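Have a look at this one.
Each chain gets a letter, A, B, C and D, in the order it is written, and its residues are counted from 1.
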Amino acid sequence: MVDSSTRAVVGIFTYMDDALEAVKKVKAANHEYRMYSPVPRHEIEEVTYPEKSPVRIVALACAITGCIAGFALAILCSLDWPMRTSAKNVASIPAFFVPGYEWTILFGGLGTLGAIFVFCKIPNVLRTAGYDPRFSHDKFGVVVACAGNQVDDVKKRMMDSGADEVDVRESL
Amino acid sequence: MKGELVQLNGNRKQAETQSGEGLVNITRRRFLQVLGATSAVGAAACAHPAQQEILPYVKADPEQIPGVAAWYSSTCTECSAGCGLRVRTREGRAVKVEGNPNSPVNRGSLCALGQSTLQSLYDSDRIRHPLKKKGMTPQGPVFEQTTWDEVYGKINEALTNATNKKVLITGEPQAAHADLLTPWLSQLGFGQVVWDPMQPVAVAKASELVYGTFGVPTFSIDKADVVVNFGADFLETFVNPVGYARQWADSRRSEHPLRFVHIEPRLSLTGANADLWLKSNPASEVRVALFIIGQLIQRGRTQGLPGDTLASLKELTKGITPEAVEEETGIAKEKLLLVAQYLSDADSSLVLAGGTAASTSNPLPLQVAVNILNVMLGNIGKTVNIAEMAAPKSSASDLATAIADMQAGKVDVLFTYGTNPGFTFPAAYGYDYAVNQVSIKGGNKKAGLVVAFSSFLDETAQLADYILPVHTGLEDWGYTRPTQDAISIIQPSMRPIFDTQSVGDVLLTIASNANKSIVPADITSFDKFVKANFLNATSAQAGGDTEKFWMASLEKGGYFPASNNNGSSKVAINPSIFQLSYGISRPHLHDDELIIYPYPSVKTFDGRAANKPWMQELADPITQAVWGAWAEIHPDTAKRFGLKQGDAVILRTDDGEAHVPAYVTEHVHPGIVAIPLGQGHSAYGRYAKSAGQGSVYGLLPKSIATDADSLQLIGGAVKVVRGLGNGDLVTVQDFSSQLDRELSRTTIIGGAAAGVAHAVGDAHASGHGDGHGEGHGGHHEPKQMYEQREHPLYQWGLAIDLAACTGCSACVVACQAENNIPVVGKKIVNQGREMSWIRIERYYDSIKTEDGGEELKVSFLPMMCQHCQNAPCEPVCPVYATYHNEEGMNAMVYNRCVGTRYCSNNCSYKVRRFNWFQYEWPELLDWQVNPDVTKRTVGVMEKCTFCVQRIAEAKDIAKDLGRLVEDGEITPACVQTCPTQALTFGNLKDSNSKVSKVARHERAYKVLDHHLNTQPSVSYLNDIRYKA
Amino acid sequence: MTGERQTAVREFPTGVKRSFLVSASSMINKIRFAFAGACVLTAAALFVGFKGGSVTSAAIAQDSATQSSDYPQVGVRTGVFNDGQAALWDLNIWDHFHYFGPPQRARGYKPDQPINFSHVIHVQQNKMECQYCHWSVAKASYAAIPEVETCMGCHGALVAGKSEQGKKDIEKLKEYYKNGQPIPWVKVHVMPDYLKFNHKRHVKAGVSCQECHGQIPEMEKVERVSSMKMGWCIDCHRQRGASIDCLVCHGHK
Amino acid sequence: MEHTHSEHDSKHEPPVTYAEVNDTVLKMMEPPGTGWYLLFFSCIFLLSIGAACWFYQMWSGFGESGKSHPIGWGTYITNFVFWVGIAHSGTLISAVLYLFRAHFRQPIYRLAEAMTVFAVMTAGLFPIIHLGRPWYALWLMPYPNERALWPNFRSPLLWDVFAVSTYFTISATFFFVGLIPDIAAARDRATTKFRKVLYGVTSLGWRGNHIQWKHYTAAYLIFAAFATPLVVSVHSVVSWDFAMSIVPGWHATIFPPYFVAGAIFSGVAMVVTLIIPLRKAFNLHRLVTPFHFDAMSKLILVTSGVVTYSYVTEFYTAWFSNNPFERFQFWFRPFGEFWLPFWGMTFCNCIFPQLLWIKSLRTNIAFLFILSIFINIGMWLERFNIIFQSLSREYIPAAWGGYNFSPVEIGITVGAFGWFGMWMTLFIKFFPSVAITEIKEVIPPPMRRASSHGSGH
């Protein structure tokens, strides 16, 4: 599939419903596509990615790890050199709720950040085929990767949906 | 401020002990620390602190093992009580002074001044070589270094040429010097003048009139049931404060405590410990004494008196009505009658007079009346031992005459040593002018010679043409005679630091230069003289092997036979006593005048302690003030003069003025202004000079109490003028009420039947009722969420008997000396940053009397780290710098401390101290630093450790012996030195230890424990007060 | 925009999961190699840190086994990982560069002494006991440096030295003694001010000198071979069941 | 943004569009003018004063600050609590209100969040500054070391280390994640090389495709969910520094909610203090409207009520406990020697904000600005009162004492404002200080056909 003849067809839309229309059409033709938008909209999600995001699972796992790690840190460090303070137990569990709690959040938060990095594929140092700076401004975009012989079909589907312009980028 | 110990950036000299354990060069290290904090990258890599050296001895010293202390016995020379000392030395340096348990005077204890004798030895301003006066500048005289030979030559020349009088002014000489001076004075034709303002000469004179012998009797306070005291501060400075405090305390904590009435216009430390303090009009005490005599005659308690005297006494006391005495003395007649009642009811009693209250223009009548009282009450031979009398040689009139002679040009040669008349004699006499007359002209218009034998450039020494630096007490030989038979040896505990000589050797050299033979030829030096005299005096005991006896005596500290000389009760009343005037002599006061009331304090005595930073920074037990003098003024009077606490006050007489801050307190008579003696030096050293401006002695009138030959301290009128702004009063405690917080508690015992009646929570009897209420920390059952801490071997604990604690603050200085606690200076104390680990809290509260009135109750509460089992400070430290160890101690690890100060915030007792700055010891004072205790660096917390170094040492020794530490082997510095042995330390785990027993005492409680459940390791025993 | 399009790089090849650094520019690769290189270098440095620098006990033990058996063949106490180490991360490399403190506190500190005293001659060859000179070590906290008098006991009249250097040094020693001056030895085992180290207790507990000081008998010039950091002390205290209460060593001197 | 909408409609202004949002916000980031430089260098100047004072304090000794015996904590811990408090409203606005879908948050939340991060950075300095030996601050971290020692996990100060470091990490992450799409927008409009590189790097190559948005929104919600308990926990932990001790006046169970309410109170006030000049300077009137000020005023009014209630409760508990030490402490605060800070605090925090009951004042910008400054002062005084008054009158009357304000600690306090201001100033100039994406989110998307979805969420 991956060869030099692959093209990127870029549709630029002013209106979100037009773009979604195009997505539906492209999807119907089984094309691989990316839809770009200046904002996240649930309408877009419903069309493009209706499943739940796995980020949540990662966050939960990390948070649980953090909780265990926080408690373990406090307990093990205290037991490593047991020093009494004020007749309190060496491993005073109530006091260790704080490190446990804080590390739950810390690990959970950092895990979520990691999840974003992994799932959103950032940091991304590469140029992106078909990306247009207007997408971060006020335009919606639908980019389709297709073989050279499918370009016209895709282009037509986009124009039909109401694209402002459709570009074909050669050297994908 | 000049003279502060804090030297933040300058003059940090790397000190090294003789063993070469160099102290860390703080400057560089701190610089690196600062760098490290700001830039984590190791800029340290390029900085190499100077390498440390480790210096061995050249020759082995058999007495020294590096790192092991050697102890030497000696005798204290700070005052004339003659307390035995044990000096701890490390690598040849004296580092700590403690009482010698063998000495009958102090029985192992030592007062604050005695302990700070180390700061005489290591006084940074000591004279280090012979000096010759170069000239005068506006800032004072300038001296240049000279040689011993030159000065001896000059002296010899002057002695040869002298045609007029030759005068030697000394302090109250120790016995060895007295023995040497007797031939010396006569052979060399010197007249001796003795001047020591602390000597109770009036007491001695009155003894002569009533008992027949000149001298100060020995008192047995512990044998009295009732003590009535006219101002004698026997818990502070009077004759033998350490010994008397012990006697007093032994009685107070016994089954039958003595009842103590104190009569004085000002609340002194001694008065604060009395059951009843009666605020008398100044100089009116004699009327009280006469009134009591009259009352006793009425009640028939005259058994000790010869018949004829009784008749004359009746005559003398005729017409003294209670009302009249109330009018004269300002004391309610009920109280006066009560005092008379106490005395007449008591089997044995003691009446004393002394101190400033008795230093009036005619002190003799009061002293005589007191002696008569003792005779009437049958106290002679019981509580007053007139067979053991010390005869003070001090004479104010001699000195006054000598000054007049000098002014008149009748003196050619003047030697001074051991006294400071240039400061401690009323400036009105013009001592300095007189000395200049000797120095400039001499009698025969040739230059006279003034030589001071002195280690310190004080007001007297700086008048001299030449100064010969002499050894301080810890470098010198000598002996004192604390009782008639006993001899307490003064033995050097270290080699002289500087080019100094013993006074004895100086005198011997002068004599031999003048070809006078005053001692046998084989005695070539003063130490030989001391040894010979000692062995002579004890020849009966020495047996054959005198050398062995001498070594044993040196080790013991002297020769202390058991004294069973209680003496007879035979008195010889001189009829001339009825010729004395028993009236009150007080000057007429103008509106802007008050009667000046200078008093010696435990801080400075007569001024001799003024250059000792420990004594300057020691909080005065009553006023809690530090550094310098203050003027105690009654609130009513203060209002009249428009003064408030801390205002600058100028006290002015025709003869001089003193600038002091006002200290407004109810506990002085409204007619007086009370000032501690001994501050406001113009010379003597950096600390003395920095503390205060203008000396009290400068205000005293040119009048001597001629009948008693002592200084008239009280009775002069002084103008009180509001100065500009703030008078720089610095106190460490600003709030005096316990607010019902039951910190210091009192057991009120009542009536004639002594015994513990009931406990009250604190001095406010109301609200806490009688019986064993809530406040019984000692029996407080620990309520504990967590399992109780196990203490496998030891659980160290301390118990403090408040009934025995007088508030004398000796423990504070002991702690300061032992634990390298820095002296920080007035400014930093004023910021609330004093470093002392022990604080003597002083509270004024009131006790309800039977008739519904209120009596003042002064409480002293020594407060140090309580080593709580549930210490609030411990769990809050983020780095375990403080934690609980298995010996029950609240451990503090300085080097782990990062300085959050959370522990201090959370300490309910506020006993933790923070190092706000890097405190450094000035040169020479740093020699005293205890090598066993870590010096704390800036930014760390510190606190009482129960002298962990002593615990470690005792455990180390016990381990060598294969056993546990036994009871009594560990005495922290405070416990060791306490004059009243109010403190007990030991192992609480061992239920038979002394401290366990004390902690189980029925008076025992723990401060704040019933509020906070902190479970301190320090127990307190309720104070005891008689119900008035 | 057009320029960008021409140089655009694929974002998503259909059906192939694109990895983060596929088609990375040469710059990225450089960074990767630099990182990997740094890791290798660090590992090497750590290894040097573990092993390098000091005299290690094993080496001493092997060298000295054939020479003398008068003193116990005990190595420097093994720390957490290696000789004289306070913790796994307490590396010689830090000491060599004095990152965390002055050289006096680091392993490998080997200062020049005023007199080139050789423990090899005195202990190894002449079989002198440690405590003959360091006589207070079982009596006090401090291990005494011998008095100059002690040295003179032999060197005063009997021993004048063999080598040129030795003769010169002994002359120097006599000079010190004649002038009544202590020899300004440079302290090798510098401990912080806030620490109590009681030699007596350790000697009596059977800790040999070498466990802390290394094979002094083999040293021509005395060198600090163990870190003497707290973790190192504690490790031994724990193993021997000695107290690890802070106040045993801290709070007093 | 419906309200904005309708308001605009009434004024016959066109509705805000995506492009307008983008342009307005990015315009704020245009090359700085004189005013900005003046502000920036004043901040640097203040910061240098603070840095110099701190260095002097470390060199000379901690005594250069005004603390004493018995007042071991003072200005620095006050500043610490103050700045942590300031930080709180940022997280409140960004996370809690996000979860509650409170739309008035959008235009102010970015600024509030920046304030959070920079305030925590400021707050975090003070526990180190206040150490007697700051060069050993590392010992509070549980890192393996050659001393074989660990920190004491039972100490509330160690909890602080955990709480504040977590708070900083999470809020900074949250802040940064929120910024990514906006930086991407800025990158795509950047003109200078410096900015291209800066935004190119910091946007992490964000493109905004549908997969990224999917995970992004999911993660953002989770972040908000993580940050929300932090709002409660961090100031609770900070309050335990006091509540866990036995100092009369500190040892109170009400402290955590009391501190959290106070933190939000002070933080919202600080947001108002910052947003008003910004609004004016960058002409954000169409984004930050009276509606927002009204909402914030209401928040201030509520939290002022909670804070006032807490004050009263403290007094009531002290009275009701019959504990003599507590009772004395709470008598001492209003009527003792140091009554001024107490009554100052009461006026600023309890009395003055009551004027917000008047509707017109709630949207009166000048009044709000003055009020917010008073509240900031009042909240500083509150912390100072708690720390200083409680410590100055503890159990033992003999150990009571006062405080010596020193120029050094005043310098460091001022320096902290410089430090905070420096970051704020830099941020405003280099990053979008109003959330572009979030505002766009509440604008109805452009639709060719009438949408059945309606606008907004």
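Simple rule for what comes next: a residue touches a chain if its C-beta (ideal position, glycine included) is under 8 Å from a C-beta of that chain, and two chains touch if they have at least 3 such contacts.
Nothing here was measured: the structure is a model prediction, and the numbers come from that model.
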{"item": "Selected pair, greater C-beta contact count between B-D and C-D", "value": "B-D"}
{"item": "Per-chain CA centroid nearest to the all-protein CA mean", "value": "B"}
{"item": "Centre-of-Cα separation between chain D and chain C, whole angstrom", "value": "50"}
{"item": "Rounded Å distance between chain B and chain D, as computed from the means of their C-alpha atoms", "value": "58"}
{"item": "Computed distance of Cα centres, chain B from chain A, in Å", "value": "81"}
{"item": "Cα-centroid distance, chain B relative to chain C, in whole angstrom", "value": "52"}
{"item": "Residue list for chain B, restricted to those that touch at least two other chains", "value": "872, 875, 877, 880, 883, 885-886, 896"}
{"item": "In chain D, residues with contacts to at least two other chains", "value": "148-152, 154, 158, 207"}
{"item": "Residues of chain A touching at least two other chains", "value": "34, 81, 83, 85, 88, 95, 121, 125-126, 128, 131, 133"}
{"item": "Residues on chain D engaged by chain C in the complex (per definition of touch)", "value": "144-149, 207"}
{"item": "List of chain C residues in touch with chain B within their complex", "value": "97-104, 111, 136, 139-142, 144-150, 176-177, 180-187, 190, 192-196, 198, 200-201, 204, 245-248, 250-253"}
{"item": "Sites on chain A touched by chain D in the complex", "value": "14-18, 34-45, 48-49, 52-56, 59, 63, 70, 73-74, 77-78, 80-81, 83, 85, 88, 92, 95-96, 98-99, 101-103, 105-106, 108-110, 112-113, 115-117, 119-126, 128, 131, 133-138, 143, 162"}
{"item": "Chain C - residues contacting chain D, complex", "value": "11, 86-90, 227, 229-232, 234-235"}
{"item": "Complex interface listing, chain A residues touching chain B", "value": "83-89, 95"}
